[in-house]
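Shared chain: chain A. Partners: chain B in the first complex, chain C in the second.
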Partner chain A sequence: MATAADVKKRMVRINGCVASAQAAKYADVDVIAAYPIRPYTATMMALAQMVANGELDAEYIVADSEHSQLSISHGASSSGARVFTGSSGVGVQFAYELYSPISGSRMPVQMMIADRTLDPPGDFGSEHTDALSTRDMGWLMGWSCDAQEAFDNHLIAYRIGEDPRVLLPQMVCQDGFFVSHITGDVELPDTGQVKEFLPPYKHPYPLDPRHPVSHGPQIMPEQGPPLQLERARAMEESMPVIEQVHEEFAKIFGRKYDAWLEEFMTDDAEVVFFLQGAHAVTARFAIKHMRDRGIKVGMVRLRTIRPYPTERVREALSKFKVVGVIETNMGLGSVSSGGVLYSEVCAALYESDKRPLVMSFMAGMGGEAIVLKEFYWMTEKLMEAQKRGKIEKRTHWVGFEH
Partner chain B sequence: MSTKGTQIPEWLKVPFAGITPAPTQEKGQDLFPTGNWRSIRPVYRDKLPPCNNACGTNEKIQGYLDLVKRGKYLDAYALIKEDMPFPSVTGRVCYHPCEQACNRGKYDEAISIRAVERFLGDLGQALAKDVVKPGKPNGKKVAVVGSGPAGHSAAYQLARLGYKVTILEKSPKAGGLNRGGIPDWVLPQDVLDREIERLVELGIEIRTNCEVGKDITWEQLKKDYDACVLAVGLIDPNSVRAEGENKDGVHYGLPFLRDIGMGTSKVKLGARVAVIGGGNTAIDCAREALRQGAVEVTMITVEAHPQEMPASPEDLHDMLEEGVELMHGRAVTAVLGNGRIEALQLHPAKFSGAINASPINVDKEAKPERFAVDNVIIAIGQRASLKWLPDEFKTERGTIKIDRFGRLGDTNFFAAGDVVQLGSGQPLMVVNAVGDGKRVAFNLDKVLRGEKLEPRTIPVDVIFDLNRMNMTYFPHFPRVKQELLPPTSRRKTQQEVIQAYTEEQAVEEASRCFSCGTCNACDNCYLVCPEPCIVRDVRSNGLYKILVDYCKGCRVCIEECPTGCLEGVPELDFETGVVRMDTAFAISPGLHGRQAEELKHLGDRATKNI
Partner chain C sequence: MPTIEVQRQLLPILGSPNQGARFFNPELPSSEPFVPGHRTCAGCGPSIQYRMTSKAAGDNTILVGPTGCMYVANSSYLCTPYNVPWAHTQIGSAGSFTAGVAAAYEAMIRKGKWQGKFPNIICEAGDGSASDIGLASISGALYRNHDCLIICYDNEQYANTGIQASSRTPYGGMTTFSPPGPEVPEGKKLFPKDLARMMAAGHPHCYVATASVGYPIDLMNKVRKGLNNKGASYLMVYTPCQKGFVYETPRSIDLGRLVVECGLYPMWEWNPEKRAYDYSFRPQTMRPVSEYLKLQGRFGHLHAEHIAKLQKFANEQWRMMGVELPEALIQAADAKNLVNMSAAAEAETVAQTI
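And now, the complex of A and B:
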């Protein structure tokens, strides 16, 4: 292990997109498959500069669409390359066909997502629906809430995904604009630290003319279920790997993340927000303000949604009286008739002896910020439910109710 | 953990995430046999090409054309010799029903099969030693009476089967109709001589000047030989039954040609000659008459049009080119003249029923026509001379009575050729006599070996419909024409009129063959198969083998088979193979098969008191 004296770290002020690009550079990726769509484009712009400047030795391939981007990534990964790609919003959707084949053939492609709301309204604001709609395709998936975490998550995700026990692709997500375009202090590590943390990618059966194999051949229907089962196993067996990698990351880089959940001021909390991504930053301020006024409110932030830490979510949330899920995604006609996170929370709590009340807030939609007064409003709703011992309704559309 | 306690059975395990060895023909696809996706299976099923079917002796025409195309002339010659003892002869004289049947005729022009046959026949003539060998001697002796096409063919096949064959020929030279009925300018004598030599080389004894009934009796034939083939042909010319037919200057077709052929003719023709009859012999007589010095030759037929004449169109065309005139719809009712013919009396006439197969109606009421001639050659067919034959074997039409196998009762006598075919509806042509001789030889062999004679019952699929082939593969291409002597010069010569193909011409013409319904190893299926399911080096029912474990039944090879040989056969028609419906998506028999098996026993396990 590198000693503190050897380590040449430096602090830079960069946004989430550039942080992701930096992470790809530190990961020494072999192939970059690019196709522009805002807001993630800035990542590819940064990488293009790095390749052009000779900072990074990688194949930079400009695809003709997101579908091609992911196809290129699939092929490159199959040949044994470490691959970096990314997209936003409808671009994520356009490549949808490739998500299952890539995870099915167990190629640890990494895809950076800077969320963009799906059309309508055709704006660039963040909404998690783009990536969340692919959540069951066999990709590891989680959200960062700031540029530093985004940088770290890229390295962590490569390490997990390329682990021979896992071999799964990863979506490393960050909110468009709130993370992708807001600058913050990011500590860039020493390359030696990264080398120590992230060994070179090695697939057990790469495409290699010297050792010919067939990837993705047509197989019999009954040969499909074993592959699905194996993919399910890989997803489940990644969980201890994820925890182990987070620990190692902390040891080498000195930043300790809980693999699954960030708990903020939850020790004696009675009501909590449950959310993913950038709005956690605002939530922390709001909670601090409310705590000053004696309100026992806290926050649980989900860091990894795939694999979903069911046990951890149950343990964490069973402690509280009321849980308010902030969706930032669309689940039209879903369980809560709001977002998709609600059902993930409720399902985890179903077997709990002490089930809290759960309600869902449709907030931060279309890339709107969730402002402090909306957190106060939501907190009031949670406290009313706690007082009443019963929720008023499952889903509230924040900003549209009194 | 949802996957806790799960197990993947050994037989479904693959190395990793479906990754398999690369798909090589040797091994790679073993894991994933996709053959059971198939509902139809491509099968190479050779059809009978229409030429082979139409040929009187069922020569494997498509087969030898294909070999010529590939430059394998000797193989082609050997193939033709299976059914035809003298391709050099039929290559010149045959009325080629094969060409009339040729599917290419419906597309542009029929293949000039006869010309290619002649090319092969001449090749065989040039060989120092023939490719055909006599069979292993079986110690049995067979007499063949007559050395015409039928006798020649029977003797040839019997020698190949191992019989000691003796041909009895009444003329001083063997050859029968081939010698006596076909002019030199169609079939040169030396060509026929060479084919007769080939018979001798096969160990066949030819006794000339030996006439049955005169030099050898029925009883002797019976006593001296184990079996006998009677191929005596039709010798006696038919008369027109006209008044004065016995006058000088009246000649009959076949004897006229035969005497010239044998070199014993004393006929001196005048300037104006009439030929009576509309068949091939009549045409040969008319053309021969020109060569014998006649100046004006007129052919008088009952048939009302040239198209009705029972003759090959090319011969008719060549005759007209040489200057012979046609006169239709008339019959000779008298030969006029004082001791010697001076003119013919003609009356309008027509067939009472079917053309060439019904009695002639002569309109005696009409005013007779006088047609001045110096000679007349009557060529309206022949009849048999069967005085020596026991009456029980004679038919009313004056032919030999046989069963459908060519056998005379339960004797070891068989008969073949014109002497049995007359009036049967079969055109009396060389190739038909050859085929008859061949079939009778095989039947005779069966009888002497104590086998039962049974009619063939296997249905044949003759491919007549061009839609059963993929015509996009066949560009239009004209027939390679055989050179002819110019009409003016050939009127005065015994030189062959029709010239032989060069090697290049033969190959070019053979290359036009569609190979109807028959695999000719064109490699198309091998090339178009989207998967490596067709292998070239292994034969199954074609020149290729379909790997049924992998063939998904996509039909591409079937659609793209130029010749129509490949067929899609429903998978359920096969007793064995990959797919049965209840395991349609399973590997041998696979999970679905097991489920189906378990379903069968589900009832046994149900609680009884439901």
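And now, the complex of A and C:
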């Protein structure tokens, strides 16, 4: 392990996009597949400059579409190269066909996503629907809430995904603009730390002429279920690896993240927000202000949604009286007629002896900031439900009600 | 950054005669990267092409197979005909997946993560993949000039899905998406996309050529030229489909010659250094299109006017190659003359007069 003396860390002030590019550089990626779409583009701009400057030796490919980006990544990862790609919004969807083939062939491609609302119409703002719509495709997936966490999550995700016990692709998500374009202090590690944490990528069965293998041959219907089961198990069995990697990350880099959930001021909380991503930063301030006024409110932030930590969510949320799910995504015609997080929360709580009331807030939609007074308003709704002992309605569109 | 120079393979060009080679060729390696035992149909043109192509390439090769016959009929889980690495990719990912493999090897060799000569990277895309859904991905790979060879095995239709029209299906070709009927007597109304010329015109730095399974040595030499070219190459190969064309199984190679002899499949090479087409390939004889059409059930519904249209199309191809047209072929492009000839026997006599 590196000692403090020989570690050359440095603080820089960069945004989430550049933090992601820095992480790819530290991971010494071999192949980068780029295609422009706001807001993630800045990551690829930064990487292009690093390659042009000779700071990073990688094949930088300007692809002809997101579908091609993911196909290039699939081909390169299948050959044994460490791959980095990314996208936003409708770009994530344009590549949709590739998500299942990549996880099905167990290629640990890494994709950075800076969220963007889906069309129509062309809205640049962050909404998690782009990445969340792919959540069941066999990719590891989670959100960071600031640039430092984004940097860290990329390295952590490579380490988990490339672990021979896991071999799964990863979507490393950050909110468009709130993380991707807001600068913050980021500690860039010493390359020795990264070397210690992230061994070189070595796939067990790459496309290598010396050891011929066939990837993805046609199967008969009865051969499908065992392969699907294997992929489902890979997801489940990644869970202990995810925890172990987070612990090792903390040892080497000194930043400790809970792999699954961040709990903020939840010790004696009666009502909590449950959310993902950047709005957690505002939530922390709002909660502090409300705590000053004696309101027992807290926050549980989901850091990893795939694999979904069902037990952890149940244990964490069963303690409270009311849970307000902040969606930041669209689940048109879904269980709650709001977003898709609600059903993930409710399903986790179903087997609990102490089920809190759960309601869903459609907030931060279209990339709107969730401002402090909206957090206060939502908290009032949670407290009203606590008082009443039941919810008024499942889904509130914040800003459209009094 | 210290980098390792990438070493590339150089495959010798076969000295055997360009035409009529149906004998054992000692110049070819004995290894078989593509072995029997797969589930392709008897007489399958694409799989004949596959064997020739992979044999010409040798063992330091990686094959990419977008969805199509050569994926569905060749590869069966727990059983594979490929003695070299092979990967399936999506039908629209022909060029992009291949580009990923090529980029990976460039980076891995340069960074010392893989030792050896740069492998031959060959993509075997059907004409549906190459002319329709994967066109942009292939154009991207050619444009960016990855060191790879992209082959379109052109059986002029989507065959493994049950014979549907593609942009390469010829005028008058019957498929399940272009059936003839009283309102549409010719079946397919559109002429095929001139895919290979499109690739040559749009990516003039690439080696581009057309070939046919009827001329094995020529095909294998074009494969080797494509692989030897440092950068991207594109090869479009005529590969008849017994199931879709509806012909007698043993006649695949004959069709591969007839299609060239009747001018429906012009054979040429695009020379990226000279930036010019090379039309020096000449079939031994020229024939009217009817001789090619009459062997195939997919053209059985055509009327004289449709055959004349196809002859006119073939004549345009000959002219593009700078070939002077015999009077008989000019006559055959007029439906009135064809009606006079009417009988197949008469059409054959035309051929002998050329």
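The rule we apply is simple: the second predicted complex is superposed on the first by the 402 of 402 C-alpha atoms of A that agree within 3 Å, B and C clash if a C-alpha of one lies under 4 Å from a C-alpha of the other, contacts with A are read in each partner's own complex, and residues count from 1 in each chain.
FYI, a residue touches a chain if its C-beta (ideal position, glycine included) is under 8 Å from a C-beta of that chain, and two chains touch if they have at least 3 such contacts.
Nothing here was measured: the structure is a model prediction, and the numbers come from that model.
On the superposed chain A, the two partners chain B and chain C do not both fit; they clash. Residue contacts after overlaying the shared chain place A:104 against chain B, while chain C stays out of touching range. Applying the stated contact rule after C-alpha superposition, one finds that A:184 touches neither chain B nor chain C. When the two structures are aligned on the shared chain, A:200 is found in touch with chain C, with no touch to chain B.
Of the two partner chains, chain B is the only one touched by A:230; chain C is not. Set against each other, chain B and chain C touch different numbers of residues in chain A, with C touching more. Contact with neither chain B nor chain C is seen for A:399 once the two complexes are overlaid on the shared chain.
Look at A:76: by the touch rule set out above, it reaches chain C but stays clear of chain B. When both complexes are overlaid on chain A, the residue A:222 reaches chain B alone and has no touch with chain C.
In the overlay built on the shared chain, the residue A:212 is in contact with chain B and with chain C. Shared-chain residue A:65: touches chain C; no touch with chain B.
When the two complexes are laid over each other on chain A, chain A has residues 105, 212-220, 223 in contact with both chain B and chain C.
Contact residues on chain C toward chain A in their complex (touch as defined above): 1, 3, 59-62, 64, 71-72, 75-80, 82-90, 92-93, 95-101, 103-108, 110-111, 113-114, 116, 119, 136-137, 139-140, 143-144. Residues 30-31, 33, 54, 57-59, 61-65, 67-69, 71-81, 83, 97-98, 101, 105, 200, 207-220, 223 of chain A are the ones touching chain C in the complex. By the touch criterion stated above, chain A contacts chain B in their complex at residues 104-106, 167, 204-205, 212-223, 226-227, 229-233, 236-237.
Chain B contributes residues 1-3, 6, 8, 12-24, 28, 31-32, 34, 585-587, 590-592 to its touches with chain A in the complex.
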